[in-house]
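In the two assemblies presented below, chain A is common to both, partnered first by chain B and then by chain C.
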Partner chain A sequence: MGLNGMNKVMSNKFYIAFYIAPALLLLLILVFIPLVLSGYYGLMDWDGIGEKTFIGLENYINGIQDKLFWNSAFHSFLLAIFSTLSLVIYLTVSFILASKIKGADLLRKIYLIPMLLSSVAIAQLWVKIYNPSNGILNVFLMSIGVENPPLWLANPSIVLFAIFVPILWQYAGFYILIYYAALKNIPESLIEAARIDGASAFQIATRIKLPLIKEVVSVTIVLAIVGSLKYFDLIYVMTAGGPNGASEVMASYMYKLAFANYNFGYGSAIGFLLLVITLIVTFVIRKLTATKDKLEY
Partner chain B sequence: MGKKKTLTLLSTAFALSMLLTGCSDSGEAGESSGSAEKEIKFMHLWPEGSSKKHFDVVNEIIAEYEAENEGVSVDLEVLSNEQYKDKLRVLSTSGDLPDVGLTWAAGFLEPYVGGNMFAPLDDVIEEDLSDAFVPGTTEAYAMDGATYGLPLELNIVSLYYNKAMFEEQGITPPTTYEELETAVKEFNDAGIQPIALGNRDSWTGSMWYMYLADRIGGADVLNKAIDRSGSFEDPALVEAAAKTQELVDMGAFVNGFNGLADEEAKSMFMSGQAPMYLIATWDLPNFTTNESVPQEFRDSIGYLNFPTVNGQGDMSSFVGGPGVGLFVAEESEVKEEAKDFAAYFVKAWGEEAVTKAGVIPATKVDAESLDLPEMYVDILNELNGATNITLFADVQMSPDVAQVHLDSIQALFGNQISPEEFAKNHEEALSNE
Partner chain C sequence: MGRIGYFLLYLALIVVALFQILPLVWLFLFSLKDNNEIFAGSPFALPSEFRWENYEKVWNGGIGTYFFNSIWITVLAIILTVLFASMAAFALTRLKWKMSGLVLGLFMVGLMIPIHSALIPLYSMFLSVNLIDNPISIVITYTAYNLPITLMILLGFYYTLPHEIEEAAVIDGCSIHRMFFRIILPMTTPILATTVVINMIYNWNEFVFVNTFISSEKYKTLTVGIQNFIGQYMTDWGAIGATLVISVLPIIIAFIFFSNKVVEGISSSAVKG
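Moving on to the complex of A and B:
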């Protein structure tokens, strides 16, 4: 079938529906229906097993007044801020990698490795690194004469930041890859022209390249923030939100309520609040980073 | 991973398990219509990969049962611990519980009993199993006057210690709190972290607190605070919290215990980095029969009953509780057979489990007549002479309160709250129920 035949098929409404249906169906069953259901379960007093009792908005009102929830929301927002700030580092690294330095190819692959590991493996790795007595980090600190090295995962005032490190490390490769691809897409002729006009490397980076990949940057900001707000895995494995809630984030709090406390109704309500918060933040970020003029090379 | 992904994951898991159970249901319906055989569905949580010995014991019992009972077959499904809990939950919402399965005591049982999912088993106990269980074990499965589980395991908590390390430092194993204090000081002076504790899983710290409360205030004070015939602000319970912090402040526990998982603490004890470790009998095989643990280490491990405090306390009073037990589904189509099988299983389980899988069973066994490692015989004798077994606090409490308890334990050990606040948190959570 040539290109013509393909076009004919794709213009037939039936075929369009036929090709879209499976994905749409899965999306409906696995995402949208559960979303609506969790909003609905939030209206119930339900332990997840027995009878549901309708209690109206009580769960949502409790959620809004729940100090522990806002505490975990604060931690999620902190993570969002740190993830966004770290984008600057990733961007810088990508600029260097894209500027034809020696070994850029190898370095790019090295940065990608954490992304290839499963979250649980990363969590286990960092739990070992942070081990207060036998971990490589504290063994090193003690060997250079630090007498009481920090108790990374046990001290409530540093545990959150100790977990941020592997989270940011985990996603570095992902963002570097995106930026790298975007930078490689900029036509060489533009750079050439700038160079002939006498622009320095720094000027080329900030005045030519950066504006050209603005769209990509704004997408990564949204990805980083939304990803942070709903973040769950490393935290769950490394500390389960502890000690005493010091590393609790919104998603781990939701999980704890629904599955450890058997408070499925309340957990669902918290989950729904998390969704609402994420939607609002995404909307605001999109507004703030929107670019009107369309770029053409 | 957050809301959407979790939801997707959860719903995928949900949908998948629905699909799976749906499939297996129809498959079995086809089979059973072909023959007149009755089939009991049995689900347990000892997969061959991780719990080979348990797995084999179960299979032997099933084979014997099937041989003795013509026309009844047992259909087995095995999942690992966490998956088992999840699946049980999903099956319960769709009314598809297995005919016989495993459950935990008290708090875990509550929603299932509340939803009328489990059958009362008092008739089975009276007919077949009267006087079979260690006293105090079936009670943990009782609710509103009926018993919903037949306990299989019994775990009691003891202070395990490394005799070699104590001898090397010339320290006497502690039988009183004062001796424990001395031991802690001397080990610290020798540059050894005294007690392995993984309080990220805060039920471990809870065991320390519970024992201190038991020794200071007697066996009943904690139970009464939980069942609301007493108060959590009882002076004994506050003092136990203060004693806990005293231990923390003198450096009794390993560095960063609040960030360590129990597994990590255990490995510190097992590698000779810390000489003391408070844990329940489920770890006995590691100290006796487990071939993958060096013989030298196993030979050097002893156990102590928890020390007395201020000269008070009954050293034969234990913290512990039954582990898993059997339930029979209320909606089972082969309920009579299922009950019969459950009773048969419990009777066969005791001796088999302790000799082959190293489980301390909840049924009485004659320790002297069995070929068991010495530590088993001692502990089984200890059990026979036990004056009291206080059920693990987080099992005794309802899930909501248990969470408050576990969080407060972490905060108490981390010196984030005072003993008074610790008691107040509990009192509030308990009275809000």
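Moving on to the complex of A and C:
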């Protein structure tokens, strides 16, 4: 059999269907159809069990005017900003780690451990850490003489910051891993050349290394922002959006509407808005961070 | 860079490492103490007596069921995901068809979908086919939602496989199925291991699907099970600590043995987003 026969075999429709169908059908039925349905259910007045009543765009209009929804969206965006800013810390640590440090491999693996744990376990652990009287944080604060340490998760003005710390803890290893790998990819000859030209360590880091890993940095910005917009597990377990909505985010608000209030129609509309916002933000951030001049080295 | 500079940088790295690891050390220590010791003693003191009975108590109290559910659901979903994603990678990179570009595009869009937007329709779909409170719904949902990332990781490897392999196989009269299952699939073992590791972490830690679709205790997995469990032992910190340690232990053990694969898997999952 020659190459012609080969092409015939490799373009046989039965084989193509056999190999692509399981994955494609699962993707269409369980990922894409639900997204379309979410938009459609958003047009209904529906408690999840009874009859659906078509009410047009009412849910979407209510959603756009819903102060609680925008409040939760604001919190999601705040977390996105915190996450993006924390990339600077991760980047700094990675620069140090990649500067010929002994034991760098072991250290980055230690940093990664929290990333492997479930958000539920992390949330439960940090609820204990923040426990007002017996948590390790307040025990420490009281031992150094702070008389009334904060009620971290019960104080509406600090709860979001308190929630961000475990997020920082969870993802540190992930971003450091990515930056470290990118920095290790930079050819040693480039750095050596700069050093011979008299560049300082700081100049080498900011003027040579940073521009060379620009694309990786823009990928992580997208990951940090889009990831933040989808946060749910950790917050749901730690505070369930409380106290009084002070830590509510978009996904937890949608979840509450549907699975606590049985407002499936409105919940679907909010879920659909979450999808639209995520896609728009992803698109905009990708455009903004796209590196025009692709660096070759 | 002088010696002092080097020392300070090293110190900074150690401080970060301590921040990452101390909460877990504290957790492990208090899982072996009783409330008196936890509340009155120093947080990082070793337990005066190792109270393994905390573990015995929560294991016999029902956490064993959650544990085994997590194991079989995780394993079954990994097998399906890796098999289907491998077949799809084969179809997309080796077989010749017009729509392959479009289908690949669909999988790439699938990477960006926030699962919460699909949650209500998934719930009502499973309700209408009687799969609510049935672990099958969890297995197929895990499979579907992990397919895009698994496929993306596999594709990079499939593109590098030389075409001579299937040419030789076809010329020798080897069937397509034989070529895929006996020749190509075994060649991808190293990258399959990476995808298995990443799927294991995702499935073991997943929460919202189980929390939404499963209501019977007998089907709950660890992430959801420990929620109720901890509510039940609200004031018994030792029991809560033991529950959390049991729930994270398999992943930590996997990390100790396969840390390079985990690092590789997590780095390659960065395409997600």
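As a working rule, the second predicted complex is superposed on the first by the 274 of 297 C-alpha atoms of A that agree within 3 Å, B and C clash if a C-alpha of one lies under 4 Å from a C-alpha of the other, contacts with A are read in each partner's own complex, and residues count from 1 in each chain.
Keep in mind that, in the parts below, a residue touches a chain if its C-beta (ideal position, glycine included) is under 8 Å from a C-beta of that chain, and two chains touch if they have at least 3 such contacts.
What you see is a predicted model; the values in this text were computed from it and never measured.
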If chain A is used to align the two complexes, do chain B and chain C fit next to each other or clash?
clash
Touch check for A:232: first (chain B), second (chain C), both, or neither?
both
Look at A:271 in the shared chain and tell me whether it touches chain B only, chain C only, both, or neither; answer first, second, both or neither.
both
So in the superposed three-chain picture, is A:35 touching just chain B, just chain C, both, or none of them (first/second/both/neither)?
both
According to the stated criteria, A:24 is in contact with first (chain B), second (chain C), both, or neither; which is it?
second
Name the contact category of A:141: first (chain B only), second (chain C only), both, or neither.
neither
I'd like to know which partner A:130 touches here: chain B for first, chain C for second, both or neither.
first
Touch check for A:251: first (chain B), second (chain C), both, or neither?
both
Comparison of chain B and chain C by chain A residues contacted
C
Once the shared chain is lined up, is A:219 touching chain B (first), chain C (second), both, or neither of them?
second
Which of chain B and chain C A:158 touches, first, second, both or neither
neither
Looking only at the overlay on chain A, choose which of 41-49, 113-121, 149-157 or 221-229 in chain C hits chain B.
113-121
Residues on chain A touched by both chain B and chain C 29-31, 33-35, 38, 48, 119, 133-134, 227, 229-230, 232-233, 250-251, 254-255, 271, 274-275, 278
Which residues of chain A touch chain C once you look at their complex with the stated criterion?
1, 3, 5-7, 9-13, 15-16, 18-20, 22-24, 26-35, 37-38, 41, 48, 93, 96-97, 99, 101, 107-121, 124-126, 128-129, 133-134, 136, 139-140, 169, 172-174, 177-178, 181, 201, 219-220, 222-223, 226-227, 229-230, 232-233, 236-237, 250-251, 254-255, 258-259, 264, 267-268, 271-272, 274-275, 278-279, 282
Quick one: which bits of chain A touch chain B in the complex? Just the residue numbers, please.
29-31, 33-35, 38, 47-51, 119, 127, 130-134, 151-156, 159, 227, 229-233, 239-240, 242-245, 250-251, 254-256, 260-263, 271, 274-275, 278
Can you tell me which positions in chain B touch chain A when the two form their complex?
1-8, 10-12, 15, 89, 92-93, 111-112, 114-115, 117, 193, 199-200, 202, 254-261, 264, 268, 273, 399-400, 403, 407-408, 410-411, 414, 416
Within their complex, chain C touches chain A through residues 1, 9-10, 12-13, 16-17, 19-21, 23-24, 26-27, 30, 38-39, 43, 83-85, 87-88, 90-92, 94-97, 103, 106-107, 110, 112-125, 140-141, 143-145, 147-148, 151, 166-167, 170-171, 173, 176, 180, 201, 204-208, 212, 222-224, 226-227, 230, 237, 240-241, 244, 247-248, 251-252, 255, 259, 262-263, 266-267, 270, 272-273
